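One chain, chain A, links the two complexes that follow: it is found with chain B in the first and with chain C in the second.
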Partner chain A sequence: MIKSRSSLIFAWALLAPAILYILVIVAWPLFETFRLSFTDASLRKVTNYVGWKNYDKIFNETFLTVILRTFAWTFFSVALKMIIGTFGAVLLNAAVPGRHIFRILTMPPWIVPMAIGIFMWGWMYNGQFGMISGLLQRFGIVDGPVAFLAWGNTAFWATIVTDVWIGVPMVTIYFLAAIQSIPKDLYEAAWTDGASRWTRFRRITLPLMAPAIITMSMLSLIATFNSFDIIWILTQGGPSGSTTTMIIDTYQTAIGSKKYGEGAARAVVICIFLSLFCLAYFRVTRRLSATEKA
Partner chain B sequence: MIKLYRTSLIGVALACTTALPALAQDITWIYCGDKIDPVHEKAIADWQAANEGWTVTPEVVGWGQCQDKATTLAAAGSPAGMAYVGSRTLKEFALNDLIVPVPMTEEEQAAYYPHIVSTVTFEGTQWGVPIAFSTKALYWNKALFKEAGLDPESPPKTWAETIAAATAIKEKTGKAGYGLPAKTFDNTMHQFLHWVYTNNGSVIDADGNITLDSPQNLAALEAYKALVPVSVEGATAYEQNEIRAIFLDGQVGMIQAAVGAAYLLRDGGKVEWGVADLPLGPDAQGPGTLLITDSLAVFKGSGVEEKAIEFAKYVTSPEVQEPYEGGGAAGLTPLRPSPAVDKMLAENPFWKPFVDGIAFGGPEPLLTDYKGFQNVMIEMVQSVVTGSAEPQAALTKAAGALEEYK
Partner chain C sequence: MARKNTDTRAMIDRYRWWEVMAIYAGIFVFLFFLLSPFIEGFLVSLKPLSQLFSSPYRFWPENGSFKAYSTMWDSVPAFGWYIFNSFLISTVATIIVLLLVVPAAYAFARFEYAGMALVLGGFLAVSMFSGAVLLIPLFRLMRTLGLLNTYFAMIVPGVAFLIPSAIWLLRTYMMRIPVELNEAAYMDGASQFYTFRRVILPIAMPGIVVVAITTFIGAYAQQFIFALTFNSKTEYMPLPVGLFAYFGKQDVIWNELMAASFVGIAPALIIIFFLQRYLVGGLTAGAVKQ
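What follows is the complex of A and B.
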C-alpha cells in the first residue's frame, strides 16, 4: 500500500511539470480567451460582461462569408499540396540519375525563412517590377503589366500559390518516406504480371500511401486553416477583404481595432473548428493504426 | 563595539550612495524608428543635466510595432511615460482614459503653422505635442508630359486638368498617366484625404457629425473613378511608396508624394521632374493637403506625467525641433514658420508647395476607433477603384459605417 502510494506520488511528481506547463501555457490563456469573449473588453479600463452579444454580432453575413472563404482557401491549398506532394514524391523516388540532387532542390521553400519567401513572392506578383508579369508580357500573353494582388480573384489564388510553395516540400518528403516503405516485391510482382506504370501507381502506391496522405492532409488542414503570415504580408486581407480569412479577421478586430472581446469571440470560433479537425485527426489515426494491427 | 558601529555606519552610507541613482525618476519614451536621432540624444542629455534626479529612457521600436507596443502597454496597465504616436490615435486614447491632456498656451499654439494644433486637439484640449509633420505635393514627369504633347513646364492645377493630362499620357505614351495607390494600407486613406482637402471637403465636423457624404467628397471619388483607367494598372496592389518607386523608374506621369521623393529625385533620380501644389477640386478655396502629424502622447498612470509633459514640450521646442527637422533634409515639413524655414525655402524652391498646402489643409480626422475609420475609408476607395461600387453608393455606405466611430 505504502509502496503504491509512493509510486503514485512519484508518478504525479514526474507529470507535474508537464501539467503545470499545459495549465499555464495552454489552459489558462484558452480559458481567458473564452471569458473575454463574453465581455466588451477594449482599450477602456472598465470591462463589462455582455453575454452572447459578441457572438450575435459576429454571426452576420460578412463573417459567414469570411468562414466560407477560409474553408475554400484551406481546401484548395491543402488539395494542391497533397496532389503536388504525391507526384513530387513519386518523381523523387524514380530511379533517375542525380535524384539526390533533385531531393535537395525541393527543400529551399522550406529552408528559406517564411517571411523572406513571402516577400519574394510579393515582388514576383508585382505588376510593374514583378517577374511573372514581365514574363507574361515578354511572351505576348498579356498586353501590359498584371498586378496579381490587385484583384480579388487573382489575389486569392496568389496567396494560395504561395502557401502551396511553402508547404509542398514537407508534404513531398513525408510522402517520399511513405513510398520508400512500400515493399519492392509488390512492384516486381505487378511488373511481372504486365501492370503498366499507371496501374502500379494506382493499385499499389496510392493505396499503400493512403494512411500517410490522410495523416498529412489532416495536419496540413490544421496548419493551413490557421495560416496568417502569408495573407498578412501579401495583402493584409485585401483588396476589399477578398483574402480576409478567419485568422486575419480576428487579428484585425482584436489587435487592429482593439476590440478584444469581439476578437476573442472570433478566436473561440476558430478554436472550435480546429478542435473538430483535431478530433477528426485523432479518430482517423486511431482507425488507421487499428487497421494496421488487424 | 566601536569597530562594529563604524562598519555599520559605513555600510549604511554605502547602501544609501548605491541606492541614490535608483531614487532618480525615469521617464520611459517609446521611440519609433531604427535608432534615436542624434538631435534627440543630445536633447535628452541636456534635459537630464538641467533636471537633476530625472532620467529619460528611450526604447527604440520599429515603425511597424511602435504604436501597438505603446497601446498594449497602456491597455495592460503598465504604460510608458510617453510615446511617439500618430496624432489620429489621440482621441481614442483620450476617450479610453489612457493619456493625459497636454494643454498649450495661446502663445505656444500661435507658433505653429495653421491647423497643426487642430491635429492634436479634441474637445478644446490638446492631447499630444506635435513632433513630426508631413504634407504632400504633386510630382510630374516632364519627359512624359513632353512625349504626350503637353507643356512640360505647366503642371495641372485642377482635378480636371489632372485627369486630362493623365489621359493624354496614357493614350500617347502607353504609360500610366497617374499613380493612384489603393492597397489595403493606411496611406490609401491618406491619399484620398488629400483630395478631400483640396476640394474643401471634410470627414467630421467640429460638433462630431460625420460629413463624409458631401458633394465635395463625391467629386473626389468621381475623380478617382475617372483616373482609374489611366492610372497604374491594379491600383489596389500598390501603396504610396510602391507608387513612388514606379515614378522614380519613370513609368508614371504624376503622383502625390511627400518631400522625401524630391530628395531621392534630386540626388540620383533619372527622371526629369517638377513638383507643384496639389491640383484643386471645383470647390477648393486655395491650396490644400492632408496635414499628418505624429505627436508625443503622455500616458496616464506612469507616475511621471507632469515631468513627461515638461520633457515633451522641451523636446519639441523650436531649439530642438529645428535641428531635428534638419532644414528639410529629414523629409519632415517644418511645424513652425521661422527664419530657418524661410532660408530653406529660398535655397530649395521645391519645398514651396509642401508649405503652400498648409493654408487650406485639414487634419487627419479624430475618431473613436482610428483603425475602424481607416478600414472604412480603404474599403470605400477600393470599391470605387475596382468598380464594385459607384462613387455615391460607396460614399453613402462609408458615411453610414463611420457613425459607429464618431
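What follows is the complex of A and C.
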C-alpha cells in the first residue's frame, strides 16, 4: 500500500511495544516450557536433562484417550456454538418489537465473570437440589434424581453445555453484525423477484455470512481447546477422568502432582496441536480474503 | 426515491402473524437457555438454606427474603474489596492493552512490509495459548520480577492474553478506513505520526471504544487462573477468587454465594446496559459503512 523508508520505520515503531510485551510474557515462558519438557524438573532443587524420557512416558493409551476426548469435547462445543449462534443472530435480526431489549439480554453469560456463571451451573446440575434434575422429575421425564456431574457421560455433556452457554453470546453478536452488513438491496431485489423468506435466507444470508461463520468457528476452536475454568470448577476432570481434556491433564500433572517436566511435555503436545489449528486458520482466512477480492 | 426504498424495506420486514409468533417463540427458547442460570441463581439467593437443601425441588422460594443480601457482608467482610479489586485490575489491564494494541492494529491495517504478516501470525498464535500451559514459567517470571502477590501479578499475564482478539478486532475495523485519507494527508504534507494521531485515531474512535469494552469484559471475566496461582493476599483478591470465601469449612453457603454473585456482577451489568448501544452499534456500524 504505502511504501517509503520513513513509513517502514514508523510501522515497526508502532508494533515494537506490543512485540516486546509478547516476547517477555508469552514467548519466553513458551520457550521455558519446551526446555522444561526435557528435564525432570519438580519441587526438588536439582534439575537434570533427561532427553525424550518424558515423551516416552506420556505416550500411552490413557494419553491417546485424553487427546481423542479433547477433540470430541471441542468439536461438539464449537458445533453447538455455531448452530445456536446462527439461530440466535437470525432471530435477533428480525424486525419485531423488543429486539433491542433481546439483544441486551443475550449478553450476560459473556460479560459476567466466568467463575460466577460456572458456580450457577454447578448448582443447577446438582442431583438432589438442582433445577434441571428437579424439573425433569417434576415433569416425569426421569424417575429419580439425576446427578449430572457424578456420571461420566452426563458430566461430559454438562461441561459442554456450560461452555456453549458462555460462548454463544459473543458468536451471536458477531454473526448479527455480519448479517446486518449484508447490503439491503440484495434482499429488495430478491423480494421483488418473489423469493420467499426461506429462499432469501438460504441464498443470500447464509452464503454471505459464511466467511463470518468460518472465521468464528476457527477462533472458537482454539478458545474451546484451551478451556480450563469450566471443567476445573465443575468436575476437576472427573468423574474418573471422563472430562479430563488435555489442558486439565496438563494442569493435574504440572500443578497437582508437581511433575513440572512431564507437565511441560504435555503442554508441548498441546502447543503442537494449537500451532496446527493456527496454520489452518491462516490458510482459511487467506483463501477467504482472496475470494472476496476476486 | 428514498421514500420508495423505505416502503420496499417496510414491506420486506412485514411478517404474517404466525411468523411473529414463531420468532418470539424462538427468541424465548434462546434467551431461556442463556438466562436460566441467572433466574435460578436469583431465586436461590432468596431462599433460606433449609429450603435449598430439601427434596423435592421447588422452583419458587417459600418465605423468600433478601436476608442473604445483608448477611453476606457479615460472612465475608472483605467482599467490598473484591469488587473494587476486580474493577481496578480490569481497568488497568484495559488501559495497557489499548496502549499496546491501538498503534499495532494501525500498523497491521495500513502497512504491508516483509515480516509483518509473520508477526501478526505470531501475535495471534502465541497468545492463543492459555495461561494454564504457561503457568510454571510464568510463575517463575513473576517471582523474578518481584510481582508475586501484587495487583500486577494478575494484570501483567492477563494483558498478554487479551491482546490478540483486541488486535484482530481493531485491525478489521481500521482496514475499513479508506486509504485515500492517508494519501490526502500525505499530499498535504502531514507526517506519518500526525496522520495517525489526527486523522486516523478520531475516525477509529468507535472501534477503539468497542475494543475497550470487550477488553474490559474479558479482563473482568477471566480473573481466575492467575489470581488463583500468583496471588495469595486476601486484600488483593478479585471477585471470582474471593467468592470461594463462601465455600465454608462444612458447607457452601449457596444463598449468600448467589447473593454475592449478583452484587458483584451488578456494576458490570449496569455499565454494559448503558454501553451496549456502542457495543452492538459499533460492531454493526463499522460493518455497514464499507
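Heads up, the rule we're going with is that the second predicted complex is superposed on the first by the 275 of 294 C-alpha atoms of A that agree within 3 Å, B and C clash if a C-alpha of one lies under 4 Å from a C-alpha of the other, contacts with A are read in each partner's own complex, and residues count from 1 in each chain.
The working rule: a residue touches a chain if its C-beta (ideal position, glycine included) is under 8 Å from a C-beta of that chain, and two chains touch if they have at least 3 such contacts.
In this text the structure is predicted, and so the values were computed from the model without any measurement.
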On chain A, do chain B and chain C fit together or clash when superposed?
fit
Counting only touches as set out at the top, which of chain B and chain C does A:Ile111 meet: first, second, both, neither?
second
One more residue to check, A:Gln128. First (chain B), second (chain C), both or neither?
both
Is A:Tyr21 contacted by the first partner chain B, the second partner chain C, both or neither?
second
In the overlay, answer first, second, both or neither for which of chain B and chain C A:Ile213 touches.
neither
Specify the partner with more touching residues on chain A, choosing between chain B and chain C.
C
Thinking of the overlay built on chain A, is A:Gly256 touched by chain B (first), by chain C (second), by both, or by neither?
first
Touch check for A:Leu274: first (chain B), second (chain C), both, or neither?
second
Taking the superposition on A as described, I'd like to know which of chain B and chain C A:Leu186 touches: first, second, both or neither.
neither
Three-chain overlay, closest Cα atoms of chain B and chain C, distance in Å
5
In the superposed arrangement, what residues of chain A touch both chain B and chain C?
128-129, 145, 255
Contact residues on chain A for chain B in the complex?
42-45, 125-129, 144-152, 155, 235-241, 252, 255-258
Provide the residue numbers of chain C that touch chain A in the complex, in ascending order.
5, 8-9, 11-13, 15, 19-20, 23-24, 26-27, 30-31, 33-38, 40-41, 44, 52-59, 86, 99-101, 103-104, 106-108, 110-113, 116, 119, 121-138, 140-141, 156-157, 159-160, 163, 165, 167, 179, 182, 186, 192-193, 196, 217, 220-225, 229, 239-241, 243, 254, 257-258, 261, 264-265, 268-269, 272-273, 276, 279-280, 283-284, 286-288, 290
Chain A partner, complex, touching residues on chain B are 68, 71, 74-75, 92-93, 96-98, 174, 182-185, 232-238, 242, 245-246, 249, 251, 369, 371-372, 375, 378-379, 382-383, 386, 388
Within their complex, chain A touches chain C through residues 1-3, 6-8, 10-15, 17-19, 21-22, 24-30, 32-33, 36, 41, 84, 87-88, 91-92, 94-96, 102-117, 119-121, 123-124, 128-131, 133-135, 137-138, 145, 165, 168-169, 173-174, 176-178, 180-181, 184, 187-188, 191-192, 197, 219, 222-223, 226-229, 247, 250-251, 254-255, 260, 263-264, 267, 270-271, 274-275, 278, 281-282
